[in-house]
Every structure is written in structure tokens, then in C-alpha cells.
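Look for subunit A in each of the two complexes below; its partner is subunit B in the first and subunit C in the second.
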Partner chain A sequence: MPPSKLAIAIHKLTSCSGCQLALLNQGIGLLDLLEQVEIKHFIEAGINHFTAEVDIAFVEGSVSTSEDLERVQHIRQRSKLVVSIGACATSGGIQALRNLSDENWLQAVYAKPEFVSSLQHSTGIAEHIKVDFELWGCPITVSQLNHFIQQLLLGSKPKPSGEKLCMDCKRQQQVCVLVTQQAPCLGPVVRTGCGAICPTFGRACYGCFGPSEQPNCDSLANRFAGLGLMPIEIAQRFAAIHSHSPPFKDQYQRWQTIHVREVE
Partner chain B sequence: MNNKRTIKLNVPFITRLEGEGALELSAQGDTIEKLHLKIFEPPRLFEKFLEGKSYKDVPDLNARICGICPMAYQLTSIQAIERLFGIKLPKQLVQLRRLMNLGEWIQSHALHIHFLAAPDFLGFDSAIHMAKQHPEILQRGMRLQETGNALMALLGGRSVHPVGLQVGGFGRLPERKRWDTVRTLVDNALPDAKSLIAWTTTLELPDYSHEFIWVSLKHSKQYPINGGKIAASNGLNLTYNSYDKHFHEHQVPHSTAFYSLLNGQDYLVGPLARLNNNYRILPSAIKKYVESLGIRFPNQNMFTSIQARAIEIYFSLYEARKILDKGCPVEAPYVTVTPKAGTSCFCTEAPRGMIYHRYQLDEEGRVIRCTIIPPTSQNQARIEQDLKYSVKKFGLNHSDQTLKFFCEKVIRNYDPCISCSTHFLDFKILRS
Partner chain C sequence: MTKHFFARQHLNQLFNVLMDSGYQVVGPTVKDGAIVFTELARVEQLPWGWQEVAKPGHYHLTPSRKNLCFAWNTGPQALKPWLFKPEQPLWQAEQTEQGLCFRQAPAKVTPIAVVGLRGCDLAALKLQDQHFIHGPYPDPYYQAQREQLFIIAVNCAQSAETCFCVSTGDGPAATHSFDLLLDELEDGYLIGVGSEQGQAVFQQLTLGQQATIDQLDIAQQQLADASQQQRHMPDEHSLLKLTENLEHPQWQDVADRCLACGNCTLVCPTCFCSKQESTSDIKLQQAEQVRLWDSCFSEQHGYIAGKLFRPEIRHRYRQWLLHKLANWQQQYGRSGCVGCGRCISWCPVGIDLVAEAQTLLEGSPHESAHR
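Up next is the complex of A and B:
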């Protein structure tokens, strides 16, 4: 008897649909994966059974509306494990940039904001329900998702890595862009997982995978200042994809409040 | 005869769309009283948070509008900004961008045809349920999709939110070895693409042709992706600068996406619009093959969109092959960039249709204001008009379930990318 398949669901809240592609971009590998998992709910792929009870619910997207909030609570009740996938679900995503402003952005973009319902803030799902595992990344990768599922199938407890991007970049023997180009690379404080693609392309990491374990953001930001970046540039460096994650938000606030005056 | 049936249909999620949307239909007897395509993708407010950001950060932030066509958003903003800064890229770099664009078309169209559309024509709920009975169809689709993704990763590092593009060129040019690997992939995919077009002729494609305006870029020398003029089927020929004089957006209570109209009228963007406008300049080998299969463009049957996508996949591989054959380039990956203040706009062809971006930047190249108009908000009004015509012709006497399925099929022809436009196909029919 083959072991029974894992029942999984893929949910989407406020997001760009890019992390769900970690399933649809598997290529032929998807057919092998379907031998091991049974997809109970995945709207983009045509399977709509929102109330199905599952072993794992993968949730893409942030909570940015009252419907998102209702859905995420409903997902928690019907799933043994809830796994957030991607920047939006883990830290509120790029749309969490509005959390940094006191202004009402809806009114600025929509002529008739009353037609659009939205919460003031965009937040990761762990702020609202218990989350069992987090897969960071903007986007998460095919191998990251498969590795996670294989660990569960083998009965071991997955431990997504929190090591720093610099480690992966060094193992790949890439030339350090911070040292050689004085580029404001976030590698020293960002989680591995992307394959160090930005340094490979000769450019500074901009933090898609979120803060690493024990990130020393103060030091790195000071280094950026030493490279000649203006405070606003340093603040914006940390406020991009994961602006709502505490270590990056702290840096944003630290540098946002430093005003620079030109002196004669 | 049931002459006054009340229709009250509610489909909370229309599946197999990128993003989520809903449809509400009210009818009395055989008269449609209300038909609303509801998009309630939560607003993400890109145009607002881009304000104050440097031109260097705009492409990476913009990619996050859509996971399926991130590059289109990156490149439209990049080209609008380059136009403002007066940057002209050397021809080889322009060709490399085109190569990457072709990759995005291939992967996006292959995803749509196989995962989203094919189940409609083969009688399945989903591609996943289709996998057992039609493994070879799905596998062919996956190979094509992988080839598109590989082209994007060659130049961008990854296919979702690539990192290779920047204002002024690329971060780095590809390595020779990877170039050759991708060339082999493209070589192998060409016969797949050809047989994909032939396969579309075996499908029973419904015909609900009717009059409508279509809009795409049009170019005299090449099939347009990143250049050309805006051409509408009603004879309008526009430059990017005159876009906002003719195209206007408005809001409706049932949708978070804006509706865009061309001089007050709904219009189509996307592969069918592109092929209708540019069929003539396809390579003659491709036209000959397409015609030998009895496929005819231009036409006004939205159900031939699946064929338009298959043809664009074949064309994209054909053209990619030509660029790859010229060999891996070795010149400088980028040109020097000097920011300038001012306003500039640009249009490109995303897989789902024309995108328009406009930016006003300060002298340091920081965004003061911007406007981003994705394809789906342009198609939204057209989808509603198509449904009003097609549902009536199909017949309101069908069961709610049959009507729901028919509407979904019509909508999927447009491959609406609801995440971009601003989420849901929830279907509501009210019969009274």
C-alpha cells in the first residue's frame, strides 16, 4: 500500500499570484508531485473547494481587507498545518508600504474611495492566526516549496533556513558588490533562498527574502551612510518588499527621522 | 414554455483565472437586466507608494504588480524613464530585451492554454484532473512553459520578478554556456509549438463573433512588443503621448478595477487584437503553416484567442531562435544613465495586452506622480459587452449551471489577470 497522499490547499489573499506559480512552474515535475499530494483547493488551477479539510494550507497574500481576515480564520479552522508562502503572507508584502503613511492613500488613488473596501494596514497572516511554518521570498522558489513538502512527507520537521544571503553568495564565489562596487547590498541582513541572483547579476541585494536570523541592521545601515547614501535612501533601502517586518521597519523609522540640511 | 423564469445565479469564485473575480447576472425572461463583472482584488496602491521612489527602484517595485507578467511592468516603466532621460540603447541590448519579452509571452500563453483554457475544451474542471487522460497534452504545455521561463531566467535570473533589467540596460549579460543551453531548449520546443497550433484546430471552438474595436501596438517592420504606434481597428493611429487624450478611466461601484474606454467605447486588447493588427507581418513560413491548417486572422471570434496565443508561442520561439543564433553578446551590458526632470510615457505589449505607464520625475529621478494602466482594466468593459451579446445568443433558457460554465468560458478567452488589475470570479445570476 502506498502511503496516503497529503491533502493540500492553496489560498490567495492580497497578492500578485506569483508564489502560487511555484506549483504551476514545476514543469513535468508537477506530475510527480501529484502522485504525492492531493490538491483540494486551488482556484487558479480550477479546483474550488474552500471548505475542504486539509493537511496543509499554503497561504499566499497579505491580510488587507476584512474578507482576507475572515478567510484566513476560516483556513485555520480547516487545516492541520498553515504555511505562509511569500513576502505578502509572511510580512504584509510590498502593499504594506502604506502602513508607513498616515495619509489615506485610497482617497489619493481612487476618485470614489467609497466603492473600495480595504483595511488601513496590510499585514502578514501570523498577526491574525497561528502559523506553523513560514516560507519567505518574493517570490518563493519551486525548490524551496518542494524541499518543504518532501521534508513533511518523510516525517521530519521542516526547518526553513534563516541564514544570511552573504553565506550563499560566498559559497557561490560571487564577487562582493558591497566591497568592490560600494553598492548598498542587503545581503548581510537578508535570508538566503533566492540563489544570490542579484550579486550574480552584479547588483545589490534588495531584500526579497526578508530579514535573516539575528540581522545586524544598525551596523549595515551605518555602513550605507559611510558609502555616502542619504538618510532617505537608507530608509527606502529597508522599506521595499518587507517594510513591515520589525527589523526593517525599525531601520526605516531610524533613518526617516534624520533630517539633513545643507550648510554653506 | 417557461416565459418568465427568474434567473438568480451566484458564482462566488470563477476559477482558472489569474487572480479572483465574480460575475453577477440578473435577467427577466430573456432580457438581461444587469451584468457585472466584479473585480474585488484588494487595492495595493502601487501608484501611491511609488511616489518619492528613485527611478532605480521603480522596476523592482513594479514587477510585484503581477507574478505572471512581471517583466512587462518592469520594462514599460524602464522604457518610459529611458525616453525621458534621452537614453538610446545599442541594438544588441534592445534585441536581448526582446528575447526576454518573447520568453514571458511563451510562459504566460503556455500557462493559460494548458492550465486555464484547455480543461474548458476537453471537458474537465482543471488541468490537474486532466493530467491522467491527456498527459501528453499537458506535458507538451509544460515543456513550452519551461522554455519560456528559461529564456526569462537567462536574462533576468528568475522568471517571477526577474532581477536582470535596469534603466540603461542589464545588470550583466548571460554566460555563453547558459545561452547555448537555452538555445537547445528553444530548438526542441519549436516542433511542440507547431503541433500545439495544429491541436487547437481539433478543438470545438464556439463562434460568437460580433463587432468590436480592438487596440494594440502596430509596427511596420516587426511584430510589436516594445515599440510601434497605438493602432485601433476603427482607424485611430496614436502616439503614446496622445494616449490620455483618447483613453479615459472611470470607476464603478461593483469593481475595484478602473474601467478604461476609448473615446467612450469599450475595446479589446490582447493576443487576438495584436494578431488582428499585425498578422500581415508574421514571417511567411508561419503564415503559410497557419493557413494550411485553415486558421484565419483577422477575425472577431474571441474563442480563437487560444489559437492566437498558440501562434504567438510559435512566433516567439521562431524569433527567439533567430536572436539566439546570432550568438551570446559580449559588449557592455548597460549604458550610462543621467537623470532628468520631466514627464514621459510608454506602451508595451504584455502577454494579456497593451500596458500604458506615465511618470513624472524630479531632477534626481524620483517619482512625483505616476499612472499605470494594465490590460485587464482595459478589457473589463469589453468582457461585459461580450457577455451581454454572447449569453443572449447562447440562450438564457439554459440551466444556471450551464450558464455559469458558458460565462466562465467567455471570460477566460480574455485571460484576465485580475491580480494586476486591481481578485474574484464570484458568479451571481438573478432571474426575475
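Up next is the complex of A and C:
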């Protein structure tokens, strides 16, 4: 008897929709994947059945509005496993930059701010519901998603990987941009998964895949200071895609309060 | 060893003879601001006129004399990735009508001739041979490539700031494991033979006279210059005492700086740790097991039987330093450090292995705690 297909749903909260493309972008692989899974809900692909009960709900996007919050709770109730995909769902995303500001940007940006209804903070979904697994990345990759599904299909417990980007970078024998160019590379504190794209092109990693296991951000930030970055530049380095994740947020807060005045 | 003069204009001939003998030539070139070992087609690709400035956490290239192509000491890697590959498939499995079928991944080997290896690289090779070939579980992939290896070593004529091979006894002269040996002079090379294979290549070269006393003196002087090094690793006997200082406060001091990124272990020419990962296609018809470079700085590397044995960075740094400098002595009969200094220059935060070892050996832990 062929094994029954896994029922999956792909949900979107506040996000750019890019992570959902990890499913759609695999071309012919999508047909192979569809032999193993049945997609119950996936609006980006035209399948709209929000209330379907599923084995796995993949959730893209952060909880940024009260509607997001309501929806993510419904998703939890109807899904055996909830898996967050991408930076927004895992740590609040770029839109979580607003969490760092006390200023009322709504007033400054919108003519009629009262029409905008969003929560004060943008957060990852694990702050609101139980999440069974997290796929980090901005965006996540096809192989990351498929590897996770394969492990479930094989009946093995998916293993989270927090390996540092440097490991992957060195396996590919890229020359370290931090050491040769004094570039403020986040690789030593960032989770691998992207294939070390930026260092491969001679650029410093800016942290799409979020904090790695045991990130020693204090030491790396001190090093950035030693390379000549101003405190505000160091703060901004950590406050980009995963600004709401605790190790990066701590560095932002540590460095943004240091004010430097020019010597007259 | 008898040495002959080999004029610079004939260097291309060495490449041609090697290629005609079926070797892929591998050697140093300038790439992304570093000396990188890669497949070479022509001598013009060698790093003519470049040398490195290496300091803790820092490496850049600076012009040297245009007529020299070996005026540097090290880059991030040399021989290790060619023998112990960063990513090595081990086996594949396939669903067939007869059931699951397993196949060992074949060793993909091409004969390679590596140009430009130094004394430290050869000492590291000897250690890796000991681990991968002469240990209880010989590695067929390493062994197959090792048997197809031709080595053209070079005596160092200078040392980088991070070099300390004199104190480990592994340089600056290359004294073993090579097929041919070069000293780089102003107008050419002194070339010596180290093996029968080396002799066969040597005989096909257009050589000058046997090296003159003056030329040998210059080569000797260059080695003497290279022996003037700024760092000195404590001797092996002293390094054994490191294991008595397991609670030294310096372990925490270094852990505060250490990123646990694994760069030191991955550029180290003697580190050999690996992990395995499985992948399969989404139809679950084919699977592959791959061996990847790993590091004792990775969290999962110390995950055994449901427990993280080295939960904190200080435990991992301690594991690395103690294993490399002290426990290797019991395991392989010598320290695992060959004095190349790569871990010092390629550490993003500039942690200096030699300085750490010296500090850990200074005074008793009790005294250091109150410094």
C-alpha cells in the first residue's frame, strides 16, 4: 500500500511572500513533491482553504497585526505540526525594526494613521503559539524545505542546525573577507544555510539566516569596533533582518547608546 | 643532497614535464587577496611579486620582488583539502525492484603535482598520513589520492610574523616527504631530488651546473633569515603540563573572545575532524551519505548519547588546544601543531595560539586568578 500523502498548508501573515517561492521555484521538483504531499491551502498557488486540517502548516510572516494573531491561533488548532518559515515567522523580520523605535512613525509616514491597524511590535510566531520546527532564512531555500519534508517522510526527527556560516564558507574554501578586507562579516555568529553566497562574492555576510548556535556577538562586535566601525554602524549591522532575535537585539542596544562626538 | 641550478626561464619546462607525465599541476596563485592553492596551467599564474603580511586576525598581500614566485609563506589552505576533501561522498543507496541497493562512492582521483609546499605543510602531511593511513581505520579516499601525489617543496627564504615552525621543529627547511625541492634565488632555483619519481622528472629538465658554493651559501643564508621568527611555541614537554591546568582562568578569558566559528580548525593543516550527513531525493528513491569537514568548536560535535559534552565555548577551546598541543603527543607521538600560524592569522578576532599556550603555562592558576 502506498503511504498516504502528508496534508500541508502554506500560510502567510505579514511578509513579502518570498519564502513561499521555495515551493513554487523548484520547477519540475514540485511535481515530485506533489507525489508525497497534498497541498490543502496555498493562496500564492491559488488554493484557498484556510480552515483545512493538515499534518503540517508552514507559516510565513510575522505577527504584526491583530488579524495575524488571530489567524496564527487558528492555524495552530488545525495543524498537527506548525513550522515557521523565514525570517519574519522566526524572528519578526525586517518589519521588527519598528520594535526598536519609540518614535511614532505612523504619524510621520501616513496622512491618516488611524486607518492603519497594526500591533506595536512585529514578532515571530513562536512568541504566540507553540512552534514545532523553525526553518530560518531570508528567504528559506528549496533544499532546506525539502530536506525537512524528507526527514518527516522517512520517519526521522528533523534535526535543527545552528552551524555557523564560517564552517560552510571554509568548506567551500572561500577566502575570509573579515581577515583579508576587514569587512564586518556576521558569518561567525550567523546560521549557515545560504551556501555562503555573500562571502563567495567577496562581500560580508549580513545575517539572512539569523543567529547561529552560541553566537559570541559581544566579541564579534568588539572586533568590528577594532576594525574602525562607529558604534552606530555596529548597532545597525546587527539590526537588519533579524533585529528582534535576542542576541542581535542585545548588540543593537549595547552599541546604539554609545554616542561619539567629533573632537573639536 | 646534491643541488643543481635551474634557470628561471626553464620553470615552465617543469610544469610541462609534470603535465606530460600525467599530473595535474596544483600550486599557489593570487585569488581574493590571498595565496590560494588551485589547479595551474602556466607558470605565469604563480604569485610573482607577492608576499603576505600576516598578523593575528589579519592577512593581506603586499608587493615583493617581481622575479620571485615563492616569496610568501602560507595562505589559508595548502595541501589538506586535496587529500582530506571538505566534502566526500561515502555511499549511495537506491530503491530497486530487488530492494535497497547500496554502493560505496568511488574515490575520484587524479594524479596531482603540488608545487610550493613548505616544511610545515610536509610535517602536517606526515601527521595526516599517520591518522588517515596508518591508523586502525585507513581512509580509502585519502589513501587513493595520497598515492597519486607528487610534491615539489620549497625552502622558506623568509618568515611571516605568524610563523613559528622553528620552535616546533618543522621548518623553515623542507626535509622530508618531497619528490623535488627548490630554493628560490634571484635568477633561478636550486633544485634537489627526494625520490625516484622526482629523479625521473629531474632528468627531463634543462639544468645548469651543480650548485656553486656561493649559491649554496645564499640558500643557507635565506634559511637562516627565515629562522628569525617572532613567535615560539613552548617545547613539547612543557606543553604536556597544559593538561594540569584544566581550571585555569585563562580558559574563560579566551572564551570571551573566541567566536567558536571553527576557522582555526578548518585552516589547520593537521585537524581532521568530520561529520556525516544524509541526503535523499524527495521521492525517497535515492540517498547519499556525505562526510563533511567538522570542528570541535561546533556544538553538535560534542553531542554524544543525548548530551552536549562541551556545552560552552571555554570547553571547546580547551578541547582544541589541549588535544592539538598535548593529547596528540600520546595519540601520534608528537604535538599536532606544525607552526604554520594559520590559526592565528585566520582567526577573525586574532586569538594567538602561541600566546594562549604561554599564558596557560605561566604560574599557577591560583596566582593568575589574582593578577
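Criterion: the second predicted complex is superposed on the first by the 263 of 264 C-alpha atoms of A that agree within 3 Å, B and C clash if a C-alpha of one lies under 4 Å from a C-alpha of the other, contacts with A are read in each partner's own complex, and residues count from 1 in each chain.
One rule holds in what follows: contacts are C-beta pairs under 8 Å (C-beta built on N, C-alpha and C of every residue); 3 or more make two chains touch, one makes a residue touch a chain.
Predicted model, so just to flag it, every value in this text is computed and none were measured.
When the shared chain is aligned, subunit B comes close enough to touch A:C208, but subunit C does not.
In the superposition on chain A, A:V179 makes contact with subunit C only, not with subunit B. In the superposition on chain A, A:E35 contacts subunit C only, with no contact to subunit B. By the touch criterion defined above, A:P246 reaches neither subunit B nor subunit C. Residues 202 of subunit A lie at the contact with subunit B in one complex and at the contact with subunit C in the other.
Only residues 12-21, 24-28, 30-31, 34, 39, 42-48, 50, 64-65, 67-68, 93-95, 97-98, 105-106, 108-112, 115-116, 118, 122, 138-139, 141, 194-195, 197-198, 200-203, 206, 208, 233, 236, 240-241 of subunit A touch subunit B when the two sit together in their complex. Residue ranges of subunit B in contact with subunit A, taken from their complex: 13, 15-20, 40-45, 47-49, 52-54, 57, 60-61, 64-68, 70, 107, 111, 115-116, 119, 124-129, 131, 135, 138-139, 142-143, 145-146, 149, 157-161, 163-164, 166, 170-172, 251-256, 333, 417, 419-420, 423. Residues of subunit C touching subunit A in their complex: 31-34, 36, 57-60, 76-77, 81, 86-87, 256-263, 266-267, 279-284, 292-295, 298-300, 312-313, 345-346, 348-350. Within the complex formed with subunit C, the subunit A residues making contact are 29, 32-33, 35-36, 146-147, 149-150, 153-154, 161-164, 166-167, 170-176, 178-182, 185, 187-189, 202, 213-214, 216, 218-220, 222-223.
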